[in-house]
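Below is one structure. I have some questions about it.
Per-chain numbering from 1; labels A, B and C assigned in written order.
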Amino acid sequence: MKIKDFGKRLVNSVLPVLLAFVIGGIVILMIGENPLDTYGILLGKSLFTAKGFLNTLHYASPLILTGLAIAVTFKANIFNMGVEGQLLLGAFFAGIVGTSLPASLNPVAARLICLAVGILCGILFALVPAILKAYCHVNEMVVTLMLNYAMIKVLEFLATGVFRDYSSGYVCTPIIKENAMFPRIGDSKLTMFFFVAIFVFIIMYIVMNKSKLGYEITAIGKNPEFAEATGMKVHKKIMILMIISGALSGLAGAGYMMSEQFKYTLSFSGNPGLGWDGMLIALLGGHSPIGVLIAAIFYSALKTGADHINLYSTVPKEIVSVIQGLIILFLAVKFVDEHTNIRERLLRKKTSKPETTISEEA
Amino acid sequence: MSIIKTIDLTKKFGDFTANDKINISVEKQEIKCIVGENGAGKSTLMNMLYGLLRPTSGKILLHDKETEINGPMDAIDLGLGMVHQHFKLVPSLTVYENILLGTEIKKSSKSPIIDRKKEIDEVTKLIEKYKFELNPTDKIEDISVGGRQRVEILKMLYRNVDILILDEPTAVLTPQEVDELFVNLKELRAQGKTIIVITHKLREVMELSDSVTVIKQGKVVGNVLTKDTSEEELAQMMVGREVVLTVQNTAANKVMNEVAYQVEGVCTINDYGKEVLQDISFCVHKAEILGVAGVEGNGQSELVKVLTGIMKATKGKVSIDGKDITNKWPDELRQDGLGIIPEDRYAQGLCGTMSVADNCIAGYHGDADVCKFGLLDKKNINAKRDRFMKDFDIRVGDINGNVGQLSGGNAQKIIIAREFESNPKMLLACQPTRGVDIGSIEFIHKQILNFRNKGNAVLLISSELSEVMSLSDRIIVMYKGKIIGELSPKDVSRSEIGLLMAGIQK
Amino acid sequence: MDIIGNILYDTVYHSAPIILCVIGGIFAYKANVLNIALEGMMLIGAFVSTLTAFLTHNIALGVLFAMLAALAFGLVFSVLGVTFKGNVIIIGLALNLLASAIAKFVLVRMNTSNITLSFMNVADLKIHIPVIENIPLLGNILSGHPLITYISFIGIFVMWVLMYKTKFGVYVRVVGENEDAAKSIGLKTDFYKYVAILIGALCCGLAGANLSTERLGLFTNDMTAGRGFIAIAAIYCGQGSPTLSAMYAVVFGLARALSVNLSIYAGPAAGLFDVIPYVIMVCVLTAVSIVKHKNNKIRGFKNE
């Protein structure tokens, strides 16, 4: 049973990826390039060289966190689409604090303060949709999406005005102080931030798989009425989950600021943005922490590999965004599960009407 | 000449034979009742007649001609209409729109616009022809359940069916609505229609039908004319042995004077602001079962929701052993000693897509024996599940599988095991045996009585009047969100309670 | 006086694409399919229309291809969401990402960051209605808009008739409200869902063409900036009524017009005015939800 389940999940995750790569391959063929070569460059350097792999892990760090941030809410059927906005806000103020700290401050303290600020900002921004959902039944999906746009505009305003670094030729905030930066380990880009992310991953693994809260997340996601009737106080759990999600997003933003970007620019999070990447990762990983970890590393490999594509071929690296979109698209359809499930469900529908229930005693 | 006839009709679901060589024959212009226990295979049979299920083998003869029915539309074209237990109506549309759904009348054959006036005229004529009581322009969401059922029947009649199948038509009706329905059905028979009614209520069979077919475990076990039989005989055929429909409610039990659970002046409103519970007050003593009788939809559902903490009361007070528990949340109620058997098993009691073990701890998943420092103890949880299965004779196909695979009786036993586990002082049992096989019904009834005999209090809410009457020490009757009477089951007859359930006070 | 005129004009101007999305999205909403791909359908419409016009110098062809592209997206949505029963929210998001990714990919291949239609002047596309254009204020509202803007407002009425007066509209609502009822009278429920989604796609394609080609003669990536989601919010607020939802779309148009016109006076804080529409929609959504749940005494949440 367990192995069968695992196999099903594997097929459901791998098949969409393969399909997306096939279609991506066709697109590459159409612009006159060899898809296999392109994919070789895409994944070869980022996964199969030591330095490349460490870089991949480096870029995976924020993705692990945003992936977990999405997974923890999506699993409970709460659609927190605001991870991107929460991440940006956390990053922005972690960056501002990082520039204004005294240079003499102990580096560990400085980094902890910056991370804490990021986490706090993420939580505060997540609280808005959380309160609206938990106490006013407002659809959290629409609200978080709207607030994302609003937040991007606000940060744009702050970055171009109040906090702008006028010595730079383009819109950005000042670079954070050295004591707030995560230094590189060895000659790769890897920093302590990766280990922070792994530490958080372990905690989230325990929370989601072993804890009372994890049990409640599953129950709320599967049947909210049952969850409420068995005393799980769903509105409080929504608040808690949104706070966790916001904290993870804020941490991701702060960490990315302190380990990679060092200043806020208008394209800080890239396109489509670390928060949106997180969604792909959560879906790819089936909302399970281990799945998220693997998916984050795989996706980070795609991202770092995309830069190599630009260097070594004429295929625009944007092909990776197209593949990403296709993966999510195909992930929406559960190829194995859904079909067998549909059959099972139809059968059960007909057999489990009160009249025809197959009872053990019958 | 029979209008519809089946020959050796068989339906198998995998290894399970739901219908085994069923032979029935319905005469023109008769009212035929098909009776049987839950799970006997009545609905399977009807679904085959209506084209919703394909027979595994056997034949269906319509007007003595072998006919293949490939779906509801096909059935309707062949003159066979069905009124389902769960109505297939659209609440935001009007009566006439629902009746004409799919056969709308347009202003002209080319115009895309619907001709409202002509539609209303047409439906008004139809309503008059069959002497039904309905207003064509009312919205479905505003009319009574009985009214909705009449709309369903008219929907079929408009399509000129001459055989009408009704699946458990009286389940959701008040006694008066049942009477009205019977009048309507007899009028239809007089106008030449043939009617097949599926039911398990034997009194109604006697009152309504011309002939009866009894089904047991997928087989026909009796074919009789109604005038030649009796309720008792039918019951015996249905179950296959002398039926003790009433569990022995031991006379030895003595209700104590001490109040265990008290409800005072509880009110609440629905989404539209309408008061659905009005000033509900009662108390349950120690070692007492208080039964709540009433036709479904008279506020029992809301009362249970309020008492189990999933709905808020706007006014009033609830207390257990003198402790105020008004509007507390379900987890707090359980901590205060309330055991809950909820109304809808798979909505509030169990999660069909979670494992048996996970369901065994639901509601008590924070208790010290399974949860330490916020972490769940898998070993203890599995041990608990195994103990439940042994103690309560719960039969599970795949022990690691989901609860959804279980039969009604076994699923209900999980809830009962779980709720009794924490030694509650008071049990709130709502529809405890709905959709449960007879064996499990007996078991569950015994459990409830034992619980009471140990000196605990029970509030039993059920739409099965016989269940309420046989188990309760005292009965209150709900009608339109109010308690309109309190009686002792020993001193009253069914019909007296029936009158109260219909809102008629002496 | 001038500023009021400008605000009114801009209100109509900014409302049009959202109204189109709203009336398109309403059918899917009524058919009980949450179509959050409105955004992506609009973006792909905007992109394809400008690209086609750029390549062919033919605006009509641009609009046509915009609708076809959006229809293709709608078809993907329907096949995966209705036929294969995939999660429509995820499909919607994927299409949104995909629209942006495709546009970016092509833009990079073309070595440009945006497409400008230099062969034409958008002012020429505006329709000036004689007499009315000279009436103050009313002239601002009714005259001087491009064709699709007029279509969008007429569309509200057309959709209302389609939804409430025709068989098709009734059936879509039946499918959305009680699928069993629809099946019991032999309706092919999937067909109505398909059509509802495709109508939405068509409208979004038009909205996209209006947004880029017709109004600005320019395409920049992600120029839809959440208008699709605002349309969804408007549908939610209006609870699926074409007129009421369209009204909320106009509210957004007004907020946008205010932010554009007032920013002239605001100086550096101008950027913040762009936040107003989003915040207003969140407030409206909250207010509607509070009113809707005013009498709700049942605790907990339902899976939506």
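Following the convention adopted for this analysis, contacts are C-beta pairs under 8 Å (C-beta built on N, C-alpha and C of every residue); 3 or more make two chains touch, one makes a residue touch a chain.
These numbers come from a predicted model, not from an experiment.
If you draw each protein chain as a dot and join the dots that touch, every dot ends up joined to every other dot.
The chain pair with more C-beta contacts between its two chains, of A-C and B-C, is A-C.
Between the CA-based centres of subunit B and subunit C the separation comes to 45 Å, rounded to the whole angstrom.
A straight line joining the Cα centres of subunit A and subunit C is 28 Å long.
In subunit A, the residues touching two or more other chains are 223, 225, 227-229.
Shared interface positions of subunit C, defined as residues touching 2 or more other chains, are 296, 299-300. Contact of a single residue of subunit B with at least two other chains is seen at positions 309-310, 329.
Against subunit A, the residues of subunit B that register as touching in their complex are 13, 16, 18, 38-44, 47, 53, 217, 308-310, 329-334, 340, 342, 346-354, 358, 362-363, 365-366, 371, 374-376, 395, 398, 400-401, 404, 407-410, 434-435, 437-440.
On subunit A, the positions that touch subunit B within their shared complex are 1-2, 206, 210-216, 218-219, 222-223, 225-233, 347-348, 350-351, 353-362. Those residues of subunit A that touch subunit C in the complex are listed here as 27, 31, 77, 79, 81, 132, 136-139, 141-143, 145-150, 153-154, 156-157, 160-161, 223-225, 227-229, 234-235, 238, 271-272, 276, 279, 283, 316, 318-319, 321-322, 324-326, 328-329, 331-334, 338, 342.
Interface residues of subunit C facing subunit B in the complex, by the touch rule stated above, are 161, 165-168, 170, 173-174, 177-178, 180-181, 183-187, 294-300.
Interface of subunit B with subunit C (complex): residues 71-73, 84, 86, 88-93, 97-98, 101-102, 104, 106, 112-114, 268-273, 305, 309-314, 329.
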